[in-house]
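To keep things clear, I will list the structure first and then write my remarks on it.
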Amino acid sequence: MVNFVSRVSNVLGCAEKFLIGIMAVLAIILIVTETVLRYLAPAYLPDWGAEVTVYLVGWATMLSLPSLVAQDKHVRADLVVDQFSRSMRKILEIVVLLVGAGFCAVIFVAGVQMVQFGLRFGEISDSSLRFPMWIFYLAVPFGYGFSMLRYVMLLTKRLTESRVSSVTAD
Amino acid sequence: ADYTIDVSLDTSPNHVRNRSFRKFAEALNEKSGGRLEMRVFDSASKYKGPMVATAVAQGAIDMAAPAHQHLSKYVPEAGMLLLPMFYGQSQDVIYKIVDGDIGKELNQRIEDKLGVVVLGRPFDLGYGTAFTTDVPIKSPDDFKDKVVRVPGGAATLARYRVFGSNPVQIAWSDVPQALQTDVVSAIWATQESVASSKLWDAGIKYAYEDKQAFIEYVPIISQAAWSRLPEDLQNLMRDTWENMVDQVRTVAADAQIEARKINAEHGIETIDAKPEDLAAMRVKLMKAQPEIVDELDMDKDFIARVSDAIAAAQ
Amino acid sequence: MIIWLMLALFFIMLLAGVPIYLVLGCLAVIGWLVDGVPLISLAQQFANEMNSQTLVAVPLFVIAATFMERGGITRALINFAGTIAGRNRGGLAIVCVIATTFFAAICGSSVATAMAMGTALIPTMASRNYPASFSVGTVGAAGTLGILIPPSLPLLIYGLIAEASVPRLFLAGVIPGLLQGALFVAYIIWYSRKNKLPLEDRMSFAEMLTCCREAIPALFIPLVVLGGIYTGFVTVSEAAGVAAFAAIIVSVFIYREVSLRDIPDVLSEGIRQTAVIIVIILSALAFGHWLTSAGVTRSIAAMVTEWGLNDWQFLLLANLIMFVLGMFLEVISVILIFVPLVLPIIEHLGIDPVHFGLVVVLNMELALLTPPVGLNLFILKNISGERMATVIRGTLPFVLILMLLLMIVTFVPQVSLWLPELAYGR
């Protein structure tokens, strides 16, 4: 079971990395092409280049959020925490995971509402692309939703760990 | 105060829109005997221009006054003032449309689609003006082959394509550099924004007042904030607004004249377009209108009625 | 009342080791709930802030920086700086300041600058037995040049809000930037003599020539990017894209230290590094949004107007407030919260907005270095693996120098205004 979960998250991790890389490449190619086109053949310049770059970079950023949780890459001030005892640090760690899961859950739910709003009101971008904005908005609940899942996974892991260690301590 | 209405504006405190709203706030406070307080948040400290309509619709802010084109992402017809049929039209004609049945219908569409309340008639920013660096524009034909910075929007882009120029979208913050380095030789902006950004420094020397499009702000209130108010205050808001609109429009016109004067003091020469030139160009532009209406997914029936109303108003 | 509760909660969560984006984000959520504003608009704000050309420039500049670091570009700039720094005690630290100055001319973000320089130089400095606090301090403080020397994202954002000319703002950053570099180098020379830091080996003329030659492709990037911006060929976000593109080309095909296969990896790493910052920016902007709505910022402005301050008194006070705000908030949010608030006062007192922009950006450099929330501190802690206390101790002398520079820039407007006025007139 554990093996299966880790294999799945491995595959997901690779897919995620690949997807983020592709989006970043596309964004860079798009922005450079646009810059070059503006001087060589401005007539062929679409009015949505910068816009699509924003969507690509936005999605890529949100896609990378869950891995930041998993690898504990989010910045924090650990000035004081470092001074605490081990058990205190463990408790605080669980508090952090709870706060993380809670906040990400709030943004996930609010984000889903936002996507629904975008769908219901048919919000579209200003350019000739008339891009349905909900597709871009979806990145927010996606990133924070999967971050929430990561927090919950870490939380269950920590809690089962501490139960095991307290059993052996008895 | 018993009731407060928060207003979010993305322009600076000195902008005509903000001054107008502050005046409106004072009047409301006074007439309601202090029961209704309106708080004005300037300089996009709450929401940026394109976003504020969404915020009002979601109930995140009580009130705002987005430009028509910022509502067009929800209600395509809100972008009608940018269409060829309004090109070169006098203020009188435009007022007859936006204050008349067409305007009422458009407001209804905005209310239905976004679930907001439109407080009343729109008020003005004014006409957009074309500015150039080295070569003055004296007739619409002079736009040919010029690289022009435009704020975006399909209708505006289409207009410049008909002019035979090369419209590019550059962020306002990048405009000074783009001008100084001849990346663009013309911009479409307002006298006021050119004055406040001191674009004479960036090489602007000429302005061409060709009434390409008239920009107006629509006062909208969120359903939540509106239904909070007792009926007498609702009526007070509507009446106060109605009584102020014309005065506020004069203030806007004065602000543009004042800005034109400041620009003139800094060496920008403004040339007023000849009406016959504009009429000729409008005929040309009108050929492109069906395609724009189609691209923007506007209600063709509504646009046809607007077209009739313009004809009747002239 | 609520503001004091929020303040308490802020400190408790911060000290409990809750990630910054969660601290600010939770406060924002609480603020939203207290004001009874629907939470959907919080998510909407996140999406709207991400839907920005300015923000796009950040990951692109960071991606450029990631490739520069991995692809030997940073290394080439550093070696090139070595030929300028010569044979001094603490030569590596001097090299760091000089190379960072070059790097800052392509990179609009301080964090990215500190990241690139830190990854390249901190291990080398450690191997040469530099005190850890001194080396992280040097890199962190020099990294702040990223937002003073143009291009600069904070200056750009300031220009948008204050309706000030961006080219003027950019030009105004040049002299203070060079002055900062010079002051840092002076301090480094003094410190290195005092602490007997190792002497770097003298470069032979042939070595110097090689370093210069190898640096040409690397120097070509700032030339294209800055040249592009100044000639108006590209916008800032386009410059960022071009920088990323050039960095990929140069590091894959010229320095050949990155293989084609590594590209997705390096790119996703760059995005990930930026995501860390972007989530903080999103939360900070949301919290700042609440601060404005709650009238906190408004009451400050009212107070200042009431006191009837003159211009230098106001500037001093503004510096104090920005310093305190900068301790706790992220740079862009300080600008977004504070600047709209004081614009009317600035105009009233007749202070040049370009001058004030530079005062703001110097404060933001300090903000990057002051605990508890200083992004450069976090970045350096991550790179070096040192304790926070060590990082803070190392940056302290540079913070004092920056304060001195801030006073100069604040009270001698010509330091910032001379160059733009020379170029564009008064």
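Note that the chains take the letters A, B and C in the order they are written out, and that residue 1 is the start of every chain.
One rule holds for everything that comes next: a contact is a pair of C-beta atoms (placed from the backbone, for glycine too) under 8 Å apart; a residue touches a chain by one contact, two chains touch by 3 or more.
Treat the numbers as computed from the prediction; the structure is a model and nothing was measured.
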Pairwise touch network: line, ring, star, complete, or other: complete
Chain pair with more C-beta contacts, B-C versus A-C: A-C
Whole-Å gap separating chain B and chain C, where each centre is the average of the chain's CA atoms: 37
Where chain A and chain C are represented by their mean Cα positions, the distance between them in whole Å: 24
Multi-partner residues of chain B (at least 2 other chains): 54, 58
For chain A, residues that touch 2 or more chains besides their own: 50, 117
Contacts with two or more other chains, residues of chain C listed in rising order: 40, 44, 53, 233
Complex contacts: residues of chain B adjacent to chain A: 50, 54, 57-58, 69, 72-74, 113-114, 147, 152-154, 157, 166, 168-169, 295, 297
Sites on chain C touched by chain A in the complex: 13-22, 25-26, 29, 39-40, 42-44, 46-47, 50-53, 55-56, 59-60, 63, 233-234, 237-238, 240-242, 244-245, 248, 263-265, 267-268, 270-272, 274-276, 278-280, 371-373, 375, 378, 382, 387-389
Contacting residues of chain C [partner chain B, same complex]: 37-38, 40-41, 44, 48, 53, 156, 159-161, 163, 165-168, 229-233, 235-236, 289, 292-293, 297, 340-341, 343-344, 347, 424-425
Chain B-touching residues of chain A, taken from the complex the two chains share: 38, 42-43, 45, 47, 50, 117, 121-128, 130, 133
Of all residues in chain A, those that touch chain C in their complex: 16-18, 20-25, 27-32, 34-35, 39, 50, 53-54, 57-58, 60-62, 64-65, 67-68, 73-82, 92-93, 95-96, 99-100, 102-103, 106-107, 109-111, 113-114, 117, 136-137, 139-141
